[in-house]
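A, B, C and D are the chain letters, set down in written order, and residue numbers restart from 1 in every chain.
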């Protein structure tokens, strides 16, 4: 399976990424680029996007990038810093890059930024365990 | 406002925590205990709960615990490790504990576990910046 | 080998832990308790203990706790928050607790506190990969 | 004070960075590039560089980059992933980049790599609180 086919297979059953309205812009071996729009039902008590929304968006980008090599990968540890707050209708982009990849471990950084002005809204780092199962 | 009143005010406008189906079990100064049930639309391409679901649940627990003192607090940096996977209908509990609290910075750990057997499904650590604004 | 024997074997060749002046207080399966004293040469440009000193102390506690089961373990991802600053001659204690342990992955939290008044100076979380090699 | 003067002032009293043998290659506003050589006394019980050595090296790079603007900054939360192990005599480079900088918060990523072949040995992310004190 090609990286794109793997991600299409994952996305077809990924109900939560579907709920988020994630669109796939580009998938390559070890990287992914995604797009989504913040909606009213994604806001928290401060009237801004809940931290879980940008985390979830980054976590999907991590899953797609780290599984794209063909070996099934599961998240071990992830961290995120939220910088600028988001409102309803903001369009955001997630870009995942592979920083390191061995037989067992992969490390990825994901940058989330606003499509309107490229300002960074969150920085995410994720470590995955690469299982021996293949797609 | 009491810790409970602050959280009720936050929750009333927190549309995403409402979507998650979060129930408040207990709120005290510096701590929170919440409950929710995993639904089909929260699953990912592996047929298990998306990592963003447990993160979001923990992030709400962090927001409630860190704002309960009366000073508005915003998340600066958070990390989560996912241990056991969750399926639809699993009921989970989040418990937030305050590890440190100064005038400017608060640090919290949140444990998420299954209600059925208390097995730990995620470990979360969150650091907040305590603003000078009050509830 | 018992947990104590494993850690003695590690410590005998652990030149940096020796330089730090680490004393082993207690080793059990999955946990460790260590002690050390901050020295002049461990300070940074602010006249307080360099962040690397408390990290290194916690990282040794992680290594001892995670290897104590008999299976060799290597650190995958670690994070630390520094709360209170330390001066020369401060005596500190590190306590490592196992939060989760599967065949492949172990997660530990380490609390560092001052021996004089038990005030928390750093909170550390570490994830290890448990190899198939044994001590 | 220029960024270089600030770092010279910090380094003059930073006894632990001196012990590590850190050499400053380049300092600019928001970034730093440092060099050091692993020594026998920096190794752990596995005969490789203790995780605290690369953390400490990255933490100094963070301190220099985040203080270079002229406002005193203190570390709030840091994380590191160790990838390739290091032996005595390995020469390593740390490069700190500013990912985000507001009035209160700064976020930096530090990459540590071997001078011999540019292979990445550690990835570090650090968040600082920018105080109102100036150099």
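Points to keep in mind about this one:
Simple rule for what comes next: a residue touches a chain if its C-beta (ideal position, glycine included) is under 8 Å from a C-beta of that chain, and two chains touch if they have at least 3 such contacts.
In this text the structure is predicted, and so the values were computed from the model without any measurement.
The chain with its Cα centroid farthest from the Cα centroid of chain B is D.
Should one ask which of A-B and B-D has more C-beta pairs in contact, the pair is A-B. Rounded to a whole number, the gap between the C-alpha centres of chain B and chain C is 28 angstrom. Here the CA centre of chain B is 33 Å from the CA centre of chain D.
If each chain is reduced to the centroid of its CA atoms, chain A and chain B end up 21 Å from each other.
Multi-chain contact residues of chain C, defined as those touching 2 or more other chains: 76-77, 79, 81, 105, 127. Contacts between chains leave no pair untouched here, as each chain touches all the others. Within the complex formed with chain D, the chain B residues making contact are 76-77, 79, 104-105, 127, 129. Those residues of chain D whose C-beta lies close enough to touch chain C in the complex are 9-17, 19-20, 40-47, 50-53, 55-57, 59-60, 63, 74-82. Within the complex formed with chain A, the chain D residues making contact are 79, 81, 83, 99-100, 102, 105, 107, 109, 120, 123, 125, 127.
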